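Following are the structures in question.
Note that chain A is present in both complexes that follow, paired respectively with chain B and with chain C.
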Partner chain A sequence: MTVASFNERSKGGVGDGFRGWWNSLARPAQWAFGVPVILFLAVLPLLNIPLLTTEGTNFGSVMAQFGMYALIAIGLNVVVGQAGLLDLGYVGFYAVGAYTVALLTSPDSPWNQTGDGGFLSKDWAWLACLPIAMAITALSGLILGSPTLRLRGDYLAIVTLGFGEIVRLLADNLEDITGGGRGLSQVAYPRVGVTPEFPLGVFSAGNVGKTLNSGVWWYWLSIVLIVIMLLFVGNLERSRVGRAWVAIREDEDAAEIMGVPTFRFKLWAFVIGAMIGGMSGALYAGQVQFVVPTNFNVVNSVLFLCAVVLGGQGNKLGVILGAFIIVYLPNFFLGRTEILGIPVNGSQIAEYKYLFFGLALMVLMIFRPQGLIPVRQKLLTYGRQLYVAARRRSKEEHAEVTK
Partner chain B sequence: MSRDDSDSAHDPGAVGAGAEVGEEYRHMSEESFGEGPVGPMILDEAVVVDVADVMPELANPEVVAEIVAPTREIDTRIGEPLVELDKVTVRFGGLTALDEVTFTINRGEILGLIGPNGAGKTTCFNAMTGVYRPTSGTVTFDHQVLAKLKRNQITRLGIARTFQNIRLFGEMTALENVVVGTDARHRTSVPGATFRVPRHRHEERDAIDRGMALLEFVGVGGRATEKARNLPYGDQRRLEIARALATEPKLLCLDEPAAGFNPAEKVALMDLIRKIRGDGYTVLLIEHDMRLVMGVTDRIVVLEFGKKIAEGVPSEIRDNPAVIAAYLGVPDDATA
Partner chain C sequence: MEITTLVAGPVNFNVNALAANFWQLTIDGLAYGAIYALVAVGYTLVYGVLRLINFAHSEIFMLGMFGQYAVLMLLGFTPSGNVYAEGTLLTIVYLGIAMLGAMAVSGGAAVGLERLAYRPLRKRNAPSLVFLITAIGASFVIQEFVHYVLPQLTNNQLGGVNAQVPIRLVAPEEEFTLFGASVTNITLIILVSAFLLALGTDVFVNRTKFGRGIRAVAQDPTTATLMGVSRERVIILTFLIGGVLAGAAALLYTLRVPNGIIYSGGFILGIKAFCAAVLGGIGNLRGALLGGLILGVMENYGQVLFGTGWRDVVAFVLLILILMFRPTGILGETLGRARV
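Moving on to the complex of A and B:
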């Protein structure tokens, strides 16, 4: 109910004005505006804007991390935001994706396929592993989902929490395969742009240039994947699938009685969410070239969920903003000693990031429970003309009233 | 637009068989409101779509009726049994909510299901729509036993329902709510939607056309883009009927559709139910309001304490001593 009252109040704000304007544009016009914005975001690490760049770490790698978190947020948003299934073990899928790439390409792994007799070529191993990792995480989503999606609400959250921990503990304890706590090193990455200057290619962790380093290249790669995933998820949203998800979120029983095969669509949400999480995991494994179980703690799951809730559940752009905040803010403070002349101990602030995110979430739940950019889904492929007409009408009426 | 539509529903010409009762209501509404029937309230800040502007073809009620009419074959051989309940018993622990209830619903009729509070009317509904499994007995729909089917399969077989307490998808717009109903007949899944295959595009167009036509049909077309939870109460009830009709049912089950309605709205609802039957649907109606039930139904089944106590045409039911006793109690001298 609070959500409702807040939505009412936010009517007619800047955000709504922008949203209305955006929705009234035709598809090509949206692309014409969207592409420059994406390009601008892409060159952001190269511009070196003083207050924006990070001091303690390389801005390029921060943006690369943001790219991965954005993918995770998009995937988790399908599960939590659209279908309303609380998943606390999402890091498990991230881990499955990362470990799939690592197990197939790391020399430490018994299943390494990049050496002699392996089916992967050294240069293209990572790219070939990306679809494999996505397929395997999708499968793990199916395996986890089919018995557990009969549960609802808190019970589902508990089971998924368990799944996340199981994956991490398996990685930690199957020492013969995963190397246990030592992890797997020398994971493959796309070996492109090999020049005398970069003997291992531009994506290599060895590319540590000041601006155009490997982080920027990974960031660009993740932007491409994000755009593809946004189109994919957007197409689903404006179809029978997206409507089924929202109907399930709103009232599962009513949805079932209106002829929505709820179990099947919940499973689809789980599988698609898992697949996108696995993709992000594969990116991570390639960028860091090293995976260890400690990177897949439960606290990461909570951080991912925090990105989704902070940005606005169900809103694709919102959750990307949430991911940016989660990744960027701690790195912004890291190593900073003053902001606009005010002395601060930035590293200390960055260390307390969980405290601040916790506080931020509490404040948000009180004043803006729907998230920073609240959702207003479009669930119809061809309904635009109707909505535009409705908007024009309300504007005219508004003008008449104020006259 | 929606105002126009509900007004036309009050046109005396539109009233069919139960005109007598309708007349009674119209009279009452004129007394209580002074200026005749009132349409759905339109709030100041409401976002109203001029449907005739966007989809001009929907200005013609005949076109609306045409689009609303089911796109698949719905057999309307009147009189043949469509649903047969055979000794249906539903027990919750020690409580017997339905006790060997047997009746049939025939094609093309409006059957009323009445009874005092707690008589088992809604349980009967739930047993038919798969929400509860009967403890014993069978429900046969269109020659098919409903025992093992999932709820969504029962809906696609052709039973749709509304809820006693409105259960719309609040955050979705009115049109999207109805489109969820039309999706029951659609087959696009993840692959089709991802690649926007021709079938997906075809189904999306169909969804909007039929969705808008259905909203016009029940009289909420002007509020198509409004969130369902922001609609006035009466419009929400009508929207539920539109959503149920969107699944192209053979049998439409209405669970107290007139709850909370004023007399004028009840008249409009009666006309709507008749219009729905006229389109080839069979209707099962649970209702407390006796005038409405007597006015609109062809046949009535009466339940009391989970047992069927009477069945017959409205005039028979009105004079049935068991029914009168159930509703009004038995006079002291009779029990003595």
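Moving on to the complex of A and C:
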């Protein structure tokens, strides 16, 4: 493939134009554009824009939930979008992360470490648990992955589905440890910003009502984590690991013949995906301060997968958009009685969310199976340099022609 | 210290209870497993022909439960939870009509699903993940249809958040004992009808012209088309068989679990039936039947061995274990194996 034909392919719709422009920017320029966008997204809950904000629920909490879903989507995207492994039990990792934090910090848990004799100080417990939760979730990904990743795609789907259910059932049945259906309460959260007004810190669920409530704080924390994860996953994508993933996704047998150790790289994808899911679970446990098995149903796995597929599997920004749609849309309709003067029964629409998600998925799969923002295959090794070079050259040619 | 609580506390290991009730558990497990087996056939045939996990098959089963319920209501039974005593012959006739109703609803729904959801994708040569996502979407749509829309269409007679008040035609009664285990009339009905249906399906797929078409397409779609087999007709037929058997299974299931008629009632059962299909070797008809029976029996043992809450865990762990040692299931994937 010559540079010219490669460049031609990237001339398409609006999205492609934008994509080409973005890829032609130098790193610092990308940051210069990216940081203000991120900052704008961060202050979004404070602006209270009329048609954007949610009426039925607190917009800050919705955005916090979006942050968690976005992290999940990034993690699941590594597994499904990059490596092409269909994981229907991703909620299992989310649950492992949440329960790790809960078991270590909830007073209801027999393994609580925040009390007397425990190794966690109450103030720093959540932050200390975050890496522990990620490590344990990564380990669970390794334990699940090593026997099952030798299976072919469809089998893997059902085995992971089974794993998701097993985790939930374990949480439900091991009553002496996890509290069973009663769950674990008073999970730790970051104790920062302790003032006389907020005796438990700004992240406490007690910080409600005002514009700058706990949801916004959690949203900000998740934005930081999302940016870190995007950098991490983006670098992986452009590395040897990422190229191996794409090779495995496109044709596993061919990749194996070309000398890619497919099993090892599939396991890596699984473990990294699991770790990010665990991080999101830890966020969830901290924000809600309460974990209970019913929040980790298989249906959630399906919703996570919806976010990835809807946005465009393989594309990091796409899956974040997917996560936003999945979280935001039902909440947007909740409690709304009119949209732009048209009367609607918003709460009923929100109640029917699964019906609409189902229909949307079916229609989307027929007309745009690649998702809203699809991934473009780049020449991965020299991707960015090539983009810059190709664009410069086509500009020069263009200039010559117009002369 | 934690390890001891783990073993002595929430997880039992009650071998005595298993030994004492072994035959009873086996027979009840077989009855449950027969239902799994019938549903599993639907998964396995569709997978064999299209290489598609029909995730919405569990909803086809659920529609069958509502189908037989609607037929019984049309026959004049009012839901009360009490058992009707109609006499043996009349009960069998009513059950037969209800089963036909369930088969019609499920079979029709399965074919409709194929036409509306999967066919447009097939025409576009979509990759298999797209099919699976569509199936998941269809599953949501059918569930939520019964959850929210059906009650509005039927004046709150059918569907909604709560399970239907059962219409019970048969009360469990002991018919005879086998190895000291009591065999109830319901167990007998389930086992006999499931056996007949499974036998009929096996004969149909392995001995008839239509069945040969199905096997031919499963083995090699292109060659089968060249030999004059209509692929589209085979696909419809496959979905129809799967749907009809799921409908029959739905009626048998409601005999066993009268309170199970609810919009979400098919989901877990469907997943386990799919496990059964994978267990036996997906794409393999007899594998699905065998896998269903094994799963039903094993989870019944596990339930007594470890405690009621561990039933589903046993099923999924069994699946993972078997796939680790036999990655293509117990009997392997052989629907398309050549046979004269």
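Everything that follows uses one rule, which is that the second predicted complex is superposed on the first by the 369 of 403 C-alpha atoms of A that agree within 3 Å, B and C clash if a C-alpha of one lies under 4 Å from a C-alpha of the other, contacts with A are read in each partner's own complex, and residues count from 1 in each chain.
Everything that follows uses one rule, which is that a contact is a pair of C-beta atoms (placed from the backbone, for glycine too) under 8 Å apart; a residue touches a chain by one contact, two chains touch by 3 or more.
In this text, all values refer to a predicted model and were calculated from it rather than measured experimentally.
A.B. asks: Mind working out whether A:Ile49 is in touch with chain B, chain C, both or neither, as first, second, both or neither?
C.D. replies: Touch status of A:Ile49: no partner.
A.B. asks: For A:Asp251, using the defined touch cut-off, is the partner it touches chain B, chain C, both, or neither? Pick first, second, both or neither.
C.D. replies: first
A.B. asks: So in the superposed three-chain picture, is A:Leu174 touching just chain B, just chain C, both, or none of them (first/second/both/neither)?
C.D. replies: second
A.B. asks: Under the stated touch criterion, which partner chain does A:Leu340 make contact with: chain B (first), chain C (second), both, or neither?
C.D. replies: After superposition on chain A, A:Leu340 lies in contact with neither partner.
A.B. asks: With both complexes superposed on chain A, which partner does A:Arg240 reach: first (chain B), second (chain C), both or neither?
C.D. replies: In the superposition, A:Arg240 touches chain B alone.
A.B. asks: When the two structures are overlaid on chain A, which partner does A:Pro369 contact: first (chain B), second (chain C), both, or neither?
C.D. replies: After superposing on A, A:Pro369 lies in contact with chain C but is clear of chain B.
A.B. asks: Can you list the residues on chain B that touch chain A in the complex?
C.D. replies: 44-50, 53-55, 129-131, 150-152, 155-156, 160-161, 163, 167-172, 175-176, 179-181, 183-186, 188-190, 192-196, 200-201, 203-205, 207-208, 212, 224-225, 229, 243-244, 247
A.B. asks: Could you list, by residue number, the parts of chain C that touch chain A in their complex?
C.D. replies: Its residues touching chain A are 2, 5-6, 9-11, 47, 51, 53, 117, 120-121, 124, 126-130, 132-134, 136-141, 143-145, 147-149, 267, 271, 274-275, 278, 282, 307, 309-310, 312-313, 315-317, 319-320, 323-324, 327.
A.B. asks: For a test of understanding, state which residues of chain A touch chain C in their complex under the given definition.
C.D. replies: Residues 80, 86, 110-111, 147-148, 150-155, 157-159, 161-163, 165-166, 169-170, 172-177, 298, 302, 305-306, 309, 313, 351-352, 354-355, 357-362, 365-366, 369.
A.B. asks: Under the touch definition given earlier, write down the residues of chain A that touch chain B in their complex.
C.D. replies: 4, 232, 235-236, 238-244, 246-247, 250-251, 253-262, 268, 272, 377, 379-383, 385-387, 389-391, 393-394, 397-398, 401
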